[in-house]
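Look for chain A in each of the two complexes below; its partner is chain B in the first and chain C in the second.
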Partner chain A sequence: MNNVLEAKGLTKLYGTTQAVAGLDWQIPQGSACAFLGPNGSGKSTTLRMCLGMTPATRGTCQVLGEDAWAMRPQTRGRIGYVSEQPILPPWMLVGRLVQFHANFYPNWDSAREKKLRDLFEIRDKERISNLSKGQHRRLMLFLALCQGSDLLLLDEPASGLDVAARRQLLSLLSDFLAGDGKTLVVSTHIVTDIERIASDVAFIQAGRLLECASLDDLKEQVKRIRLPRDLVLRAEPILNRAGILDEETNGAQHVVTVREFSDDLGHALQQAVDNQADVLNLSLEDIYLAIVGNKEAVVQ
Partner chain B sequence: MTRLTPFYYRRLIPTLLVWLGVLGFVLLAEYMSRSRWDGLLEGVLVFAGIDMASKVRASTPREVMEYLYELPVDRRAILFGPYQLSMLLLLIAATFVFLVEITGAVYVLVYGMRMLFEDGFTELVYHAQPIRPWLNLFAAPIVSFWLSVLLSRWWQKTRSMRSYVGLYWFVGVVAFLLLSTPYESSSASRAREPADLPDLWLHNLPGVAALILSCWMISIFRRSLTSKGLEFFPVQQEAEEET
Partner chain C sequence: MHIHLNPSSGVPIYRQITDEVKVAFLRGSIRPGDRMPSVRELAGNLGINPTTVVKAYDQLENESLIVRRQGQGAFVADGMQLIHPQALSNLMTQAARQMAIEGRRLGLSEIELLAFLQEELAKLRPRSKEKKK
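This part shows the complex of A and B:
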């Protein structure tokens, strides 16, 4: 499968501050990648470099087969982007902006525009400066979804949206992904939402990519193991082999989260602790907290 | 005209009143004044040209520039767009002045206003003010636009360039004032006495002082309008905070 995005050693420095540090990242065509990381971890900067909105200090970034910074306008027209900040011109009327925006996109989907107008409550006569944060974001999403993009980069798209709007958004993103070869990259804090549609995940921390894997693989490999406290010593060599992400003792129970769980390892563990270990599946949020939280602790 | 023109055009609207005011003032002053106002005329035009170009850029907040960068448009077209539009307007204004000059339309206006002034005012106008080469009148702002465009890249890259750019403008304006005077004094149609260098300075001093005063007054005028809630340069403050 082709990669729509390939970053190699992507680095961004602001003065002496390193926002992104040697990022190597590939996103295959047709995937839905959840790009997760704490505030200030470099998510937005990475997306902006991928879109060619800011140059990389070092490294390369190929998007849809072209260098992101030297991307031709035609290629840029195949990318939809929703930024974290409100960026639409505040002095324009909504209807005028939609018209202005549509003129730049030859693949503008008028049928979808009609369909989404009611859903997104697009009111042509309203001035953008009068929109609330949520309305502003809805308008940005509306524009991105109507422009017929092959690649959609969304930076905190659910921020400022209520629960119902977030549900609608997920449904619309699922519709988008149903299209042939459409690729989605979503940076978000609302991990539970994105888990429903993500096929891949990437965790970023302090500008470094900690993980980049398929969600299914990650869920197979990252497990939480609960076992009696007095059996920890017997289980320890096996747990170490699996790569301990975090562990805690809770009364008589010891709970360990491991990175590289496998069936073989599971058998060995159960033999060592006389089948007294419970192997628990984790949600994406738990996995994120185990991996990123663990690194945060190391950094601290 | 590009697809971005409607976008930048909207940014220019708040500046148009100021620009038209300056233009009207210059036109009238041109025909009503004697030679010692020349410095003012040139200066105000140079100032207005630079001011308009820089304000269009400054009044576009960084976030909104990001919106433009997101669009499938060449980056250079986005950066040069405000200057292209400003220059287009300036050329329209120059053409307007040219037409006013060659048709003599301004004399109708001045003749209509003769009651406001002292006796012999219109006669004074006829004798004192010839046709000034319109291209000369507008050459400085037009050149200044493009120098602004070229210098803006350095300006953004290196903060230390700001002092050089400031010095450039200062020297440029002073040189222009000085050079324009002997040029005009050689023109038979001008009611200006040939003069040596100290005299040239003295001739231009009122103009330079008036230029500084007019810059200051325009800035006060803007501030007072903004404080009264008029959307003058609506997002300029935001843009300044961003930078």
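This part shows the complex of A and C:
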């Protein structure tokens, strides 16, 4: 499959601090990738390198077939970006900025602009410096969605949005993805939102990619198993084959989270423990905590 | 057809959709020949990825529960009438399993567990003439 984004050994140093540490990452065209990680794990820096907004210290990043740092303006124009920080020029009027963007992007979608204006409460006469943080973000989202981009990179798009607006955003992203070959990358803290829309998930910690997999696969493979403590020895050889992510003992119960569960393994396990094991499904949040949470604490 | 999703339940969303479609049939809210919502429409309403809906529809089509007609969309197939026993048993197995697991976790005996079930059933029984809330 065609990769829209391909990072190899991507590294960013700020002084001696490694913000991104040899990241290898591929995003196939058409996927909706949730980019998850703790604060300071390198999400924003990675996205900025992918956009050519900040140079990599080492490694390469190809976006839409071109080196991110030497991207042609036409190619850059196919990428929509919403940054975590407000970056729109504060002195401009909203209407002028929208006009400016519409002229700048050849694929600007006027029909969508019309449709989304009310929804995003775009008021042309307002000065950008007077917008609240939430309004500023809505304006950035509005611009990104109207650009007719092939690739949308959203850095914490939902922060500062209320519940209804977040749900609205999911509908809009769903609509974006229904277009031909569109690709979405969203970094976020709000795991429950992205769980609806993501096809793939990438977990980053301390500048490294811990996991990059399809969300459906993760949900079918990462399981939590609860069994009586006295049966742990019998279960252990089988659980070890499944890649233990974490385990703990609560009183008489032993709880193990594994990475590679399968039906076969489940049968073998139940046979070994005389059907005494409970196999539990996990939410993306649980999976995130099991995979990211069990690594050593990040030093920010 | 109303589709209820619980994205964080741990069950992949496409499987929740296929289950919900079967439930909708069992409840009588869809019938063979009915048009299914378009992929874009359903995905937009639920705020989910269109490819997830495609995956669910593919699955339903493989099971001959829906048919796609060129340019017209997807329709509930006659095959849906055949799912009754199997789908019902699948759905009930899941629910019963959940109850069994929870019961065991709490250390309930089989009789105690069944008593809970009977109690809940009794609550759902329509009372004569009395309107339920």
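The rule we apply is simple: the second predicted complex is superposed on the first by the 294 of 300 C-alpha atoms of A that agree within 3 Å, B and C clash if a C-alpha of one lies under 4 Å from a C-alpha of the other, contacts with A are read in each partner's own complex, and residues count from 1 in each chain.
Criterion: a residue touches a chain if its C-beta (ideal position, glycine included) is under 8 Å from a C-beta of that chain, and two chains touch if they have at least 3 such contacts.
All of these numbers come straight from a predicted model, not from anything done at the bench.
On the shared subunit chain A, the superposed partners chain B and chain C are arranged side by side without overlap. By the touch criterion defined above, A:N2 lies against neither chain B nor chain C after alignment on the C-alpha atoms of chain A.
In the superposition on chain A, A:N107 contacts neither chain B nor chain C.
One geometric descriptor of the composite model is the angle centred on chain A: between the Cα centres of chain B and chain C it reads 150 degrees, in steps of 10.
For chain A, the partner that touches more of its residues is C, with chain B and chain C as the two candidates. Once the two complexes are laid over each other on the shared chain, residue contacts for A:R76 go to chain B alone; chain C is not touched. Using the contact criterion defined above for the overlaid structures, shared-chain residue A:M53 touches chain B, although it does not reach chain C.
In the superposed pair of complexes, A:N240 makes contact with neither chain B nor chain C. Within the superposed three-chain model, A:P89 lies in touch with chain B and out of touch with chain C [touch as defined at top]. Once both structures are overlaid on their shared chain A, chain B and chain C have a minimum Cα-Cα separation of 26 Å. For the contact definition in use here, the chain B contact set and the chain C contact set of chain A share no residue.
Residues 3, 6-7, 10-11, 63-64, 66-67, 69-74, 234-235 of chain B are the ones touching chain A in the complex. Against chain B, the residues of chain A that register as touching in their complex are 51-53, 73-77, 81, 83, 85-92, 100-101, 103-105.
By the touch criterion stated above, chain A contacts chain C in their complex at residues 30, 32, 167, 170-171, 173-175, 177-178, 192, 195-199, 215-216, 219-220, 226, 278, 280-286. Taken in their complex, chain C has these residues touching chain A: 5, 7-14, 39-40, 43-52, 55, 101, 104-105.
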